[in-house]
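Per-chain residue numbering starts at 1, and chain names A, B, C and D are given in the order in which the chains are listed.
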Amino acid sequence: MAEQQASTYEQLPPNPETATLDGRNKYLGFWFFLGGETVLFGSLIGTYLGLRAGTADGPGPADLFHLDLVFIMTMILLTSSLTSVMAMINMKRGSHKKLLGWMWGTVILGAAFLGFEIYEFYDYYQQGLGFGTSAFSSAFYALVGTHGAHVLFGILWISTLLIRYRKSGITLTNAPKFNTAVLYWHFIDVVWVFIFTVVYLLGIGG
Amino acid sequence: MSEHVDPTAPLQGEPSKSTERKLRKEARVQIVSYFLMIFMTSLAFFSIASDAVDSSFAIPFIVIVGAVQVVMQLYVFMHMGEKGTGWINTMIWSGILIAALTVGALMFLIGIVKY
Amino acid sequence: MSTAQTGSKNVIWDWLTTVDHKKIGILYLAGGAFFFVLGGIEAILMRIQLMFPEFTFLGAQTFNELLTMHGTTMIFLAAMPLLFGFMNFIIPLQIGARDVAFPFLNALGFWLFLFGGLLLNVSWFTGGAPDAGWTAYVPLSSESAGQGLDYYLLGLQVSGLGTLIGGINFLVTVINMRAPGMSMMRMPLFTWSSFVASMLILFAFPALTIGLLLLMLERLFGGQFFAVDFGGNVIIWQHLFWIFGHPEVYILILPAFGIFSEVIPTFAKKRLFGYSAMVFATLIIGFLGFMVWAHHMFTVGMGPVANAIFAVATMAIAVPTGIKIFNWLLTLWGGRIRFTTANLWALGFIPSFVMGGVTGVMLAVSAANYQFHDTYFVVAHFHYVIIGGVVFGLFAGAYFWWPKMFGYRLNETMGKWFFWLFLIGFHLTFFVQHFLGLLGMQRRVASYLEGQGFGDMNFVSTMGAFLMSIAFIIFLISIFTSKKNTENVNDPWDGRSLEWTTTSPPLHYNYPQTPLVRGLDAFWLEKYEGDGRMKAAEPLDDIHMPNPTILPIVISLGLTIASFGFIYLVYWLIFVGLGITFGAMFIRSVKEDHGHHIPVDEIKRDLEEG
Amino acid sequence: MKHFWRLLPLSFILLLSGCGAENMSALNPQGPVAEMQFSLIALSLYIMIFVLFVVFAIYIFVLIKFRERPGDTHIPKQVHGNRTLEIVWTTIPIILLLMLAVPNVMDTFTLANTEIEQEEAEIEEENGEENGDDVPGSVSDQEAITIEVNAHQFWWEFEYKDYEFTAGQDMYIPTDTQVNIELISDDVQHSFWVPALAGKQDNVPGITNEMWLEAPEEGVYNGKCAELCGASHWLMEFKVVAVDQGTFDDWVDGMTEPPEESIEPTNEVAADGREVFEDSCISCHAVGDEGGQQGPDLTNYGERQVLAGYLDHEDEKLEAWLRDTEEYKPDNEMPSFSEDEIDDEEMDALIEYMNSLKVLEED
């Protein structure tokens, strides 16, 4: 079976994350999980779009959204995607240090994103948009909040990995873990791009 | 009893020449696409934020730009175009199809307007 | 790294910590059977209440609770886990693997299901079970008093998570863990159909997750998704529920179809007719299963275009299903049919299911559905497909694989009594319900008025239900009285696929050497065209196996505790529960566990004994 | 085409049609909508019986012919499949389904269109066609009337849009007239179903659904709530009372302007009863245009078919109902009245008054 390979290589395996059966299983299983998450966010986005007009005399999208803030948040998240890509490239190069460095960059950018989001929510709340103000507000917080919870989970997950493997070097067990965490992070980014378009841009523009 | 591999041992060695070449090329591609995405996001942003663009154009435009970015993320950042990703493609696209149906249903079939 | 497994002496601890797919399969079967009896008792109580017009055996509120719990229990906690039991036990054996792709997650999936199911049933003791039907339509459910609906939401959320995990696990197992030579188009049909069902799980359950989440936010945290006065919309719930709910019924039937596709060829001693058409039809059913959900909502006011489209799409499913039915018939054609109990269930399935299927097509006629909808005609339809399809499939599977799983054969005489009584009872119960519906009896009624002419048929229906219970009790008894039938259990039916090449019950590691697969019906091929033994794909060597662990239970327990916190809005309890869960996940992540190796000597010893 | 299916000489359908109570069976349709739905049911049933026949025939043949006989040990030929057969059993079902799908799509649109009636009536007038009673739109030359049906836990409210009044529990309609129905609900989801006249549509909170029906014959048709709506869902029945146009007009007059006797009874006992009514009941129940809307309008209570949707219309039952509504309809919204609130004497007077509430001629 797959793990009957030598542990030290003359050359690094080109894809350490899928060099073992375990790694391949994780990789595939996690992708499938993301397939399911697609439907999960689809349901939330659909709910939001269905209820978008139901503001019940409360504030609506056009009254609230700070498009420029959200634009910056989008940039931050996109950048964090790039840093995690760089981390993966360095993992394949065998550079444990750079892997950690880029990943920490990702975590910091993610935290910045989350901070802005919390500020955003706080501000909307101040403007009179409580969770139960209207169907629109509930659907908005449910969608963006679920995304935010994903970001939070991603940050915690990646930080745990970084602390746990700060000294281990790149191994056949942690390469798949970093790789799945990065996939997750990209996925969060993909979803955000969609939320940015459908919630914020359409909320202001149409 | 035969010796078993320890998967927790740190990997040593250098990447092969071809891997190294591939990685360098990849880094370039990634950075270029990153800037492309930034550019597209900005376009979408300005088409809404400035009043110069008519919303009848802006709305389909931003939706298309959003979709393109999603596809780019999937195929560039997440490497969904590589070999051996057949099942992954199947599942992700099935997910997208079903998510699209869901969104459509929740937008149009909720009894407000009868079709 | 640990080496040999330290043989734990405590049997209970052994089961609580197991990550062996065979043991988890048996746990699923036991758990599912428990809930099946529970759901069956609920059904019997309902049937007694409906025996006479305006009968007062149960109050209306109690009836609504029983009705909700019956549907929920049967679908989520009985039928699906029982199928998962077979899938867990059989799929790795059928593809020549030693375990599933994620043994840890597999155990986690089971415990989540069990704890979710128990959580749901705690509601009986805390002031009332959920009472809004298994479909929990808002606003009835969002406004339902008491905690019953909260138990429904949290219980299904927890067990649904387990199901999703299980689904992903099966998908990866089938794709990555097949033995050499076992190409996709050589896989036994049970594996294939379970694979497709797992795909449906992957895409259907997230919609339910969101539905439940929204309803929970609405009930507990003041959300306004479904509150019309606040701009909400109640139809959103129905879409989310049925986008999950319709695929769900195919999640149930496809593995059952798979079981029949194993049983029928075996007892006809013939290769499955049209194997590739069967695979293709399964895929088409899976695909179409996502395109038709709104046929449950014809009367809700989507409009004629939507109704017409969904009606036609729904009817289309009859075509691939018909392909399957005719392929089974043609498998029997020209065969040498043995009427074992396992095969009786498969043969009983064909006419019963077709009757349920064709009433499904009648229901799909949208304009006529205005008459059928929410009447006993629908109740008759779905019990015909579910019992005639899924439950018969489970019974067929039980009789078929029992020797493999437990090392003894179930008594055939009692089995035949069980079959005939159950078959007759089943048709008695549900055939008359078609007419009740058309004559004007709505479903979900706690009783019906005197003088509307429903009395006689309901009485017959209840008698049928009694007959089913008696039959089922015979089955339960036969489980305990058949233990001595241990001769010829390795390959009792002249089996065709890989699982029959192992010992019964199989060794802890299934296959001492991974088999080499040379064609469809791999074992049959070796028996009738080779020397009767599988070729090995690898030399005899140490075998790597995962270690047992208690963490899955801890994780599930944590979520259950947190669920209580949500139900009663006790915040510290939520934190404690989630703390336990995430803590256990953290431990799992930090404490690397790479399993153990079974040394060659031990395998050789096993082989000599076996 | 609809006639064609009914003329088919299959005894099965003859057995079916006319099955069940005349006022409550989908198999015994009493109006064009239910007729149309019945023809679809019949059509689909023929197709399904054909399918069942084919499957059962092959099944029985196979089981008899290919069962294992004692001593038989031959190994059957391992057949892979058969392309021709595959094509046959794919094509034939598709054809059968098309036969079903096409009329269904047409009927789905017909049923959704509340204006069809007038159009068809006009066309038929032009063609001078003889009126058959089961062709939609054939019988009516009247204007359609519109009723808004508001479903409550657990009773029905009918607002006659063209006349601006509200009736409870009994829905009077004129025969031979298209009745357009708008369905709404303020609490939970219900479903409006009169099996003998038309299939159901749901009363969904926040949404207005439309349907139509028509009753050529006079009669009282049972109506039901078909969506689980709480503990008394099974008791949420109502009646559709189809009367000739003249009676209907009288009824409308009575409802808009109830007889003097209903408001200021001359009968002394009834006058006492009226007082009790004003004290305890009028906040929720209206008689004429006076009174609350929380409960069913009682202007024509004396002519109700049944009491509270299902109880026999008797004095004892009314008293029992008022004394303990929970007993008769669990979870319903009407309070019960103990003897402290309404003593026996007042109760008798109230009942007397209630019985006098009539809008049509004395029986």
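Following the convention adopted for this analysis, a residue touches a chain if its C-beta (ideal position, glycine included) is under 8 Å from a C-beta of that chain, and two chains touch if they have at least 3 such contacts.
Not measured: the values here are computed from a predicted model.
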item	value
Chain pair showing more contacts of the two, B-D and C-D	C-D
Separation of chain B from chain D, taking each centre as the mean of its C-alpha atoms, in whole Å	53
Approximate Å spacing (C-alpha centroids) for the pair chain C, chain D	38
Rounded Å distance, chain A centre to chain C centre (Cα mean)	33
Geometric centre distance via CA averages, chain B-chain A, whole Å	12
Residue numbers of chain C (touch at least two other chains)	171, 175, 202-203, 207, 232-233, 235-236, 239-240, 243, 300-301, 303-304, 544, 592, 594
Sequence positions of chain D contacting 2 or more other chains	112, 204, 206-207, 209
Contacts with 2+ other chains: residues of chain A	3, 28, 32, 35-39, 43, 46-47, 50, 173
Complete list of chain pairs which touch one another	A-B, A-C, B-C, B-D, C-D
Of chain D, residues touching chain C in the complex	19-21, 24-27, 34, 36-38, 40-41, 44-45, 48, 51-52, 55-56, 58-59, 62-63, 66-68, 72, 74-82, 85-86, 89-90, 93-94, 97, 100-101, 104-105, 107-113, 183, 187-189, 191, 193, 195, 198-202, 204-207, 209, 222, 224-234, 237, 310, 330-331
Chain A partner contacts - residues on chain B that touch it in the complex	4-16, 19-20, 22-23, 26-27, 30-31, 34, 37-38, 41-42, 44-45, 47-49, 55, 58-59, 62-63, 65-66, 69-70, 73-74, 77-78, 87-88, 91-92, 94-96, 98-100, 102-107, 110
Chain D partner contacts - residues on chain C that touch it in the complex	59-61, 64, 132-133, 137, 139-140, 143, 228, 232-235, 268-271, 273-277, 299-301, 303-304, 307-308, 311-312, 315-316, 318-319, 322-323, 325-327, 329-330, 332-339, 347, 350-351, 354-355, 358-359, 361-362, 365-375, 435, 438-440, 442-449, 452-453, 528
Complex contacts: residues of chain B adjacent to chain D	111-112, 114
Chain B to chain C touching residues, read off their complex	1-2, 4, 6-8, 87, 91, 94-95, 97-98, 101-102, 105-106, 109-115
